[in-house]
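For reference, the structure is listed below as structure tokens.
In this document, chain identifiers A, B, C and D correspond to the written order of the chains, with residue numbering beginning at 1 in each.
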Amino acid sequence: MSFTERIQSPEDLKHVKGEMPVNFLYTAGIAGERFLREIKENAKILGVRCRKCHIVHVPPKIYCERCFERLYDWTELACEGQIETFTTCYFDADGNRLAEPQILAVIRLRGANEGIVHRVQEIRDRDVHVGMEVKAVFREKKDRIGSVLDIAYFKPIAP
Amino acid sequence: MTKFMRRAQETGKELAYEAARMAVDSCGLRIEDIESVTMGSAPDAFDGVHMKGEYLIDGAGAWRKPYMRNYVGGGTGVFAPIHGWQHVASGLFDTCLVVCEEKMSSCRPHPQAAFLTIFDNFTERPLGPNLLWIFALEMHRYMHVHKIPKEKIAAVSVKNKKNALDHPCAQLAQKITVEDVLNSEVLVWPVQRLDISPTSDGAAAVVLASEDVAKKITDSPVWIDGVGWNLDTAYWTNRDLYYPQYVENAAKMAYQMAGIKNPRQEIDFAEPYDPFDYKELHHMEGLMLCKKGEAPDLAWEGLTQRDGKLPVCPSGGLLGVGNPIAAAGLMKICELFWQLRREAGKRQIPGDPKTAVAQAWGDLMQVGTVVVMRA
Amino acid sequence: MSVKIKEYAGTPLREEDLKQGKVLSIGYWPKAKYTWSAGVAIGRYLTELKNARIVGRQCDKCGRTVVPPRMFCEWCFRPNDRWVILKDSGVVNTYSISHIAADATRIKEPLIPTVIQIDGTTDAGILHLVGEADPKEVKFGMKVQAVWKRPEERTGAITDIRYFRPIEK
Amino acid sequence: MARRAAVIGVGMTQLRSIAPDLSYKEMMFEAAVKAYNDAGVDPRRDVQSFICSSEDFWEGTSIFDEYVPDQIGASLKPVCTISGDGLYSLVTAYMQISTGLIDVAAVEAHSKSSEIVSIRNIMSLALDPVYVRPLGADPYFVAGLEMMRYLHESGNTREQCAKVVEKNRRNALRNPYAAYASETTAQDALASEAVCRPLGRMDIAEPADGAAVVVLASEEKAKDFCDDPVWILGLGWCSDTPCLEAREWGQAAYAKVAADKTFKMAKDVRPKDVDLLEIDDSFSYKELQHLETIGFCKEGEAGILTEKGVTAPDGEIPVNVSGGSLGMGYTFEMAGLQRLCETVLQLRNRAGEHQVKNARTGFVQCWRGIPTASGAAMILASEGS
């Protein structure tokens, strides 16, 4: 017998509203600091090479997740690369319908073995395809704050 | 382990990496030798990442490995090695890397805000409780039942902050007096500023190995001989808070496994959980290292000093080293390891310690986690 | 620390390093909102609070009467047996004097968070505040009585009890 | 060799899109009573360890593990929480029994997702705060990216994914526990609105409320308590990189490693010996991807097999006969344990209308959902198989 009494009327249903009333401030971290500063100051995208795995990680890390070695070989990457995969979003993070669908993609920058996640614009989604070449569009220097959004979006490299 | 700090520049992943890497290096292994990983980390509301265990995977060295996160609130730091022990003792793995991480500083404006969310959402949260309330309520009940004067409790804070002066990772090592504690700002009576441990960022890690493998890796392994864990009812207001029965239950489980019949004589030193000074005393009693109500006298008489008869928190504990919750618990396991191997340097307790106990505690004053280790 | 380890990682920051932008940081306000179902036991408990009544549950097997109510007895592991209307008075089991709010900021008038064992229960207290009392005069075992909000202010919440006040002897 | 362990009892509440009449405690109590009754154990006397499964932000309570003991009979007993799917908790119970320290353990998982005002908001909070979250995107984009790349690499199609929706929703019609049974067709699924193209609304399993408890026992105890224990022959779990940037998007590496370890442990069992599969289908394409990754067919074959009915209840490889997450409802950290409960019912020949004939060996698998690349797997078999 699991219960001797149950709620039998919708009138008796009781709910309490609440939330997790916290907010956060994240540091970019040791690797993130250098990566985002370089974007902010010089509009350059850095990766870091693992000598052992021969992988160029981007965003850079202080370690290689595969072999766990500490990484030192920072390297400048091209600001352009290929779309590894993409999707078209019709809703925002709150579940509200977007006025204009937004394309998000994983972009493998030339010289890197990993792909950064970012927006793709200046193209209709039906024209995007896996393997398509795109390049980063940076915000104006005065508007850059040291965030991944200092890259405004990626756009197709004109054929 | 990393330094314990109020605010770290490192991300949680980077903190986890530093500790995990140090642990793996210290026993001369490579990451390929690690067969499984378990993560201990307290509320996601500190780091500000939902499913924090998943987020930390790469930093914890668990890439494409069996990995999971265990969670018993504040007791996590000592439960994590118990979970690691289960990985190895089950026969499924020869090695398990145990990593604990906490980045409390991400939570704004103060990590205290996150603690509101640990209270019951119907019957408690609307009252606007502060975490310190429940500890003050427990401390006061403990003081009332045993008629303990505040200064005897303050002696714990003085001792631990002093012990921490010798700990290179310590956040709050200080030379203070009992008067300093008694004169410090009253937060929630009877809890004062110097009765409590700080909020911290930090990480710690240990490597566990099966008997055969351990003997190949090192000539001086430290054995996990007993484990115990226990959770009391969540209806904490329905309990008498003067005594941690759950710690006693966990300790009995661990002692039985370790073949310890008389803990007072067989345990050479202890690292009980000390987020507040009274908790060290409370837990000494739960660990049956003294009679109920007797711990304050032991502290007052100096028996729990590093050179006393029963050294307690020779590391400096959470009060001195800092309290990145889960990492702080695992720091106690690290301390047992270093002390039992006589590698604790300036903190080394005199004599020939062979058997030690570490313990953590958490949730709504509910969880006891206990590990007995032997050289 | 271990005599074998010479250096420990970690880069401590000061609050100013973040505030002045010496170190990059990213802020975020999560929208973590919930509508929790009170269920059978707490649903009735809250509803009764609106009627200015405290209700508990009784287990016939162990004889305990508990509050906050639950539909099961955690020690016997069985459904417990009946509702019990309790008095709105009790005794102080333990108390504290809080000078800080939930977010650790300092408050002017201290609060007195207390575990109050409600009369008629076997071993059960609830968390609430003691009011209309000088913190210095609160004592263990002191009798207290609920002070309710006015009927039109009550919403079916634990805060329908404003606080418990000492009962004069 | 680890000590053997068997499932001796399961209890699950009926899944519903919303269970507004019960608190999570009451739901857990109901599942626990059912499971203990099924196993014939008294939790206060017989069960030595309890393992719960939860993540704080799904509940809206920090350190949620503090609220679990009372309603499952675990107060003042060894209790711990695994921040993961219930299948991970079951793995922990298995390890505890294998150490010899514990003989009987209970595992709990639940979902009260109806209490979360916006699941998207909580999912967003799991994204990397520095590199991904600032994009402010609908978190389902992670599944959109993966589906796109998976279809691109494998050659499977959206239509075949829609066929999975049809199959699982219809399978659920025969499962009284299911919350989302319907006579949906693949056409309906294809026509549902785009969320993160190619992912449509009906490709996403809808959330459900429910609770499940499973009782596990050592070999000796299992025989004392139970006539038809279901043995755990193999298990494995694995996490791939959490970094979206570093993922091999078309591959579910976590599922492959976990399945390989599971089959390695269950030495005598090969994929062809498995009578039914309950695998993650929290998104339609995931069932196809997991089926291929785990090794039940080659890459690019799962879609065709689905179309041919090979994965139907009366097919050669019945997959998600229960209705899976698409048909029963997606229960977050309970999703894997739910599949395990269904498999145990099948292996004990107690699944009723959706019973698979002569089911003796089952394969269970879970994935922890967006944005993770973590999952566990298990092979179970009834006595005598």
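Here is the rule we use: a contact is a pair of C-beta atoms (placed from the backbone, for glycine too) under 8 Å apart; a residue touches a chain by one contact, two chains touch by 3 or more.
Not measured: the values here are computed from a predicted model.
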If you walk touching chains, what's the least steps from chain A to chain B?
1
Farthest chain (mean CA position) relative to chain C:
A
Tell me which has more C-beta contacts between its two chains, A-C or B-D.
B-D
Just the number, please: Cα centre separation of chain A and chain C in whole Å.
41
Could you work out how far the Cα centre of chain B sits from that of chain D, in whole Å?
33
Please work out the Cα centroid separation of chain B and chain C, and write it as a whole number of Å.
26
Chain centre separation in whole Å, for chain D relative to chain C (CA means):
36
Going by residue number, chain C touches two or more other chains at 11, 13, 18, 23, 26-28, 30-40, 42-43, 46, 70-71, 74, 157
Chain D touches at least 2 other chains through residues 20-21, 26, 29, 57, 60, 62, 69-70, 75, 118, 121-122, 124-125, 129-130, 134, 241, 243, 246
Numbers and ranges of chain B residues touching at least 2 other chains:
7-11, 45, 48, 58, 63, 108, 113-117, 120-122, 233, 235
If every chain is a node and each touching pair gets an edge, what shape is that graph: line, ring, star, complete or other?
complete
As the complex stands, chain D meets chain A at residues 20-21, 26, 29-30, 33-34, 57, 60, 62, 118, 120-121, 124, 129-132, 134-141, 144-149, 152, 193-199, 241, 243-247, 249-250
In their shared complex, chain C is touched by residues of chain B numbered 1-10, 15, 18-19, 22, 26, 48, 108-110, 112-113, 115-116, 120-124, 126-130, 132-133, 136-141, 144, 167-169, 186-191, 201-202, 233, 235, 237-241, 338, 341, 343-345, 347
Complex contacts: residues of chain C adjacent to chain B:
1-5, 8-15, 17-18, 23, 27-28, 30, 34, 36, 38, 42, 45-46, 66, 68, 70, 74, 93-104, 113-115, 123-129, 135, 140, 157-159
Where on chain D does chain C make contact in their complex?
19-26, 29, 36, 42-44, 57, 60, 69-71, 73, 75, 112, 114-118, 121-122, 124-125, 129-130, 133-134
Using the touch definition up top, name the residues of chain C that touch chain D in the complex.
26, 28, 30-43, 70-72, 74-77
